[in-house]
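Input: structures, listed below.
Common to both upcoming complexes is chain A, partnered first by chain B, then by chain C.
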Partner chain A sequence: MRTYIIRRLLQIIPVFLGITVILFLIIELSPGDASTNFIDPRMRPEQRAEIARRFGLEEPAFNRYFIWLGNTLRGDLGMSMRYQRPVTEILAPMIPTTLTLALLAFLFSVIIGIPAGIISATRQYSLADNSLTVFSLIGISLPSFFFGLILLRIFAIQMQWFPLFGIRNPLYAPPNALAGAMHMLHHLVLPMIVLGMGGTATFMRYTRSSMLEVIRSDYIRTARAKGLSEKVVIYRHALRNGLIPIITLFGFWIPSLMGGAVITESIFGIPGLGRTAIDAVNFRDFPIIMAVNSMLAFLTLLGALISDLLYAAADPRIKYD
Partner chain B sequence: MSNAENAVVKVKKVKKESELSYWGSVFFRFRKKKMSMFCLILMTLIVLGCIFVPIISPHTITSTNVANMNQPPSMTHILGTDELGRDLFIRFFHGGRISLGIALVVVVIECVIGVILGCIAGFYGKLIDTIIMRICEILMSFPFIMFCITVVGIFGNSIPILIFVLVFLGWAGIARIVRGQILSLRELEYMEACEALGISDIKRIFKHLLPNVLAYVIVFATLGMASVILVETALSFLGLGVAPPTPTWGNMIQPANQFIVLSTRWWIWVPPGVGIFLSVMCFNIVGDGLRDAIDPKMKR
Partner chain C sequence: MNENLNNDLNNVDDVDIGAMMVPESGMPAVGQKKEDILLDVKGLKTFFHTDNGTVRAVNDVDFYVRKGETLGLVGESGCGKSISSMSITRIVETPPGKYEGGEITFDGKTLLRINENERYLLPEKDMRSIRGNDISFIFQEPMTSLNPVFKISKQISEPMMLHRGMTKKEAHEESIRLLDLVRIPNPERIVDEYPFSLSGGMRQRVMIAMALACEPKLLIADEPTTALDVTVQAQVLELMNDLKSRINASIIFITHDLGVIAEMCDRVVVMYAGKVVESSPIEELFESPQHPYTQGLIASKPDMATTEKRLHVIPGNVPDLTELPGGCPFHPRCYKVTERCKQEYPPTHKITDEHIVSCWEYNGSGISSEGGEEA
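Let's look at the complex of A and B:
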């Protein structure tokens, strides 16, 4: 097991380097960069050189990649071209917001999706199963930004149950930390539902098909033949094996959550990583773009690794060497 | 109707299926699911509408009319008009043309690339397999949405760039599926016979191996249409896909970012959303139905 983990960790390195090289190439091939925004056609050549120097653009691209890589490994993500502040300083306050949103959405998906899948599987072809299946199809097919707009229209504008925008009201001063957290949670209810919808539907579909498979296996028939109650058979015997594929899905779900967060944050005006990244793209602020992309790529790789490890931990039949 | 008569009918049907060709029996099984059939028909209607409505409509997509802005649906303008007085009914179908068209082009190109590289990797194995699969692994670890946003944002909103980035990241999925299938097919006896007969590699791959993986490719392509439509419309909605005035279902929803449109002018942003939803759902259900029909072992 330990050699397996080490080998998998080592495999991540070339893939991660490959991604950063491709990203760097694409940025290199692009017309113009953030320094273009500061260049005036009437400037003298030495003034332009000065701007290039200030943005660290005077080295050839090949060298700059290795400079970037070295600095990143030391935790220095460079200076934002737009704000002239370290990228880490700009992104640090965004990360907790995005992570909170992603975690809430994930919990929402798990708490709703898995029980719904179990109900579906244990009552195959019943009314409950059919309607849940339809719901999951809708959940997979509804574009998240459209779903978000519908929720805003109904629950924020019509009913006024939830706020329309952002994560806190600037005019509201919470009396204590708990009230502040509740205030933020209230803002995050709709984004959580939008971001969690796809996961809910996916977890439900996977739980249903995996439970159906397990329920038809021999050991479940044995358990029933022993005269165990249906509850014990399903929740004690079937569920343990039925959930193994779902556990592997958790790791793979991390990149989808982060990708979805980009869209969700821009609909609901949440100041998180996604919105910052879109702003950075529009301004060609390459250090921020590189940082966010590599961070998300790293999370994707980490997710795949976590999946494999969880799989091994959950299923003792799986042996790695 | 007696039970015996029913049984006879059933036997007849079963006999009929066994007489059908491979694809004939796939369609026979597909047709038995009402939901899949219904979605196939709905999908065909949407596609036909997108092709023909812009041709026969009296309005054009660009003709603006300042005297006729933000009108709710009426007899002359079935889905109303937008903030420039353009007819939204024809823009809806024209947007569908662009959204579905982009998805089709992306899926076809990524299937061609993915199938060729997947076949090569699976057939030849060894070093070339390792290289292709390692590239696939890198591409599949890309942060999908963020990377699309980055590329489109940097190189500018244009349809070719959007297609390029979606294909660039998309072909790895089908390449892996094809490679896996070829790996197991390669070991079968008929391939040994091919080798003994001295058939060339290219003929062995494309004439003897490929037909056996075609079913998987078709299922992948159908489900792929659904996911490409979702990504393209999301990017266009964010302003990082197809740029206005070219309508797509994605950028037609963009005006809903304004409070006034979201709260009072539903006819501007709801129909394109419904268009996306319906076509994505149809492709998903048809894809699922095809998978069950092609691989009866999977059927429950």
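Let's look at the complex of A and C:
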């Protein structure tokens, strides 16, 4: 098992390098660069060259990739072209915000989606099942920016239960750490629902179909024939099997959460990685784009590994060695 | 062959079977000592209501099982033998299934009584304390009937912890003993394995051990050897035959294999299209089968002694249970068919106390084998 994990971690290295090459190429092929933000059409060519030199853009792309790679391996992600500050310094405070939001959204999806899926499966074609099916279809098909605006309109503007944007009120000084955390959680409730909605609906549908299949299997009939109560049959015998495909979905869900965070953070004005990445793309702030996307790529690769490990943990038939 | 099984059975039922008999039913129990009967099923109807119509899987079925006896339920696929047995402990999936009628009495308790005036089902909680405890099952598919994510030990322990109040440790010890009883080598090691590491024959032994865990009064074996290799089949049958003399249980042995019936059973109930067509002690059934369907089944059995090149078959197919032919459901395939067979369901004739047959062609001395349309 340990050698398997080490081997998989080593495999991540070449894949990760390949991803950074492709990322760099895509950015290179996209029109414009950061210097265009500072260029006035009336400028003379020498002035333009001077600005390009200031951003380190005068070198050929090939050289610049290796300069970037070398610096990154030393822990230096470069200077943001827009803010003129080190990328690490800009991103560091955002990582916990985005990870907290993503984790909350994930927990929301699991806690709502899986039980809803079980109810749907055990009462197939009932009113509850049909309602949940309609809900999940809405959840999957409603664009999150639209859903987010509806929630803001109802719960932030009309009801005023939740704040409109941001993660903290600058005028509020929390008396202790717990109050501070609660203050931030209060801000994150609506973003959590918006970011978690897609996952809730997806997990629900997967749980439903997986449980439907398991409930009809022979070993569930065996469990019933033993005299076990319906609760034990469903929540112990069926669920342990029905969750196997869902658990493997968890690791692969990381990129979806990060992708969703881009939109959710933009709607709710949350200073996180997602919103920063969008701003960076608009500004052609290459170091930030590279940094955020590389992190995302790494998390995705890690997620795939976590999925495989969870699979082995959940299903005794799967063994890695 | 198993008279000795009755020795320990001294608990006497207080149920008067005679009083519960439906007078019209020409079926069992008459002339039987009431305390002998462990399970009595009368007029059982289990239907499935599907989008394509009502499937009358079990349609007015009567049978009974005596204490210590092995009853064979024979018939082709889809004749209702599995559903009949699953209806006893109500493990048929409902919906789409529905218990539509009949009366089931087990060990003095009424498990089900459904007629025009009442619909009584033993409460689910009481039913659960019978399932896996007094009545246990061995299913057809050993490969899929064990839960893939639980260890063997947990799966065998479960009914003992539930019904016998054993601790986990006691149940674990008992599981090892049971695995040894069903002749699994290295039971101490196998008990901690997952089902996927066992072969089909081994898994079926585990199923048998599980079924025996609470020393059931009635063991229902639903085609326990059908999914196994022939050599493994023989081993499992031998094991079951051997266990029969060591446990105090009645057995319902469901199969479509008459060879297995001959080896295992004391009495046979032959089913066709959701109905009982003939019921008889084992020797009588093979010596003088009365119903044309039973005769066909026996004739279809491959025989090593014969020089005939072709295997005898019953012409036609099992009817679609949603669109049963009128009259006797067997008439389209019957070599003795008459006009009456197409119109009315035949009455049940009692040949001896134990031997009954449902056929128009039975005339008191047997069904003549000349057949034809003359009646």
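As a working rule, the second predicted complex is superposed on the first by the 287 of 321 C-alpha atoms of A that agree within 3 Å, B and C clash if a C-alpha of one lies under 4 Å from a C-alpha of the other, contacts with A are read in each partner's own complex, and residues count from 1 in each chain.
Note that contacts are C-beta pairs under 8 Å (C-beta built on N, C-alpha and C of every residue); 3 or more make two chains touch, one makes a residue touch a chain.
In this text, all values refer to a predicted model and were calculated from it rather than measured experimentally.
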item: Simultaneous placement of chain C and chain B on chain A, clash or fit; value: fit
item: Partner chain(s) touched by A:A52 [first = chain B, second = chain C, both, neither]; value: neither
item: Touched partner set for A:M184, first chain B, second chain C, both or neither; value: neither
item: Chain B versus chain C as contact partner of A:I119, first or second or both or neither; value: neither
item: If touched residues of chain A are counted for chain B and for chain C, the larger one; value: B
item: Touched partner set for A:S217, first chain B, second chain C, both or neither; value: second
item: Partner chain in contact with A:A225 - chain B first, chain C second, else both or neither; value: second
item: Touched partner set for A:L305, first chain B, second chain C, both or neither; value: neither
item: First, second, both or neither for A:R240, with chain B first and chain C second; value: second
item: First (chain B), second (chain C), both or neither touched by A:P255; value: first
item: Chain C, chain A and chain B - angle at the middle CA centre, rounded to the nearest 10 degrees; value: 70
item: Where chain B and chain C come nearest after superposition, their Cα distance in Å; value: 6
item: Shared chain A surface residues [contacts with chain B and with chain C]; value: none
item: Of all residues in chain A, those that touch chain C in their complex; value: 216-219, 221-229, 237, 240-241, 244, 314-317
item: Sites on chain A touched by chain B in the complex; value: 14-16, 18-19, 22-23, 26-27, 30-31, 124, 137-138, 140-146, 149-150, 152-153, 157, 164, 209, 212, 255, 258-260, 262-263, 266, 274, 277-278, 281-282, 284, 289, 292-293, 296-297, 299-301, 304
item: Complex interface listing, chain B residues touching chain A; value: 134-135, 137-138, 141-147, 149-151, 153-155, 226, 230, 233-234, 237-238, 240, 253, 256, 259, 262-263, 266, 269, 273, 276-277, 280-281, 284-285, 300
item: Sites on chain C touched by chain A in the complex; value: 89, 91, 93, 128-133, 136-137, 139, 141, 144-150, 158-159, 162-163, 194, 196, 207, 210
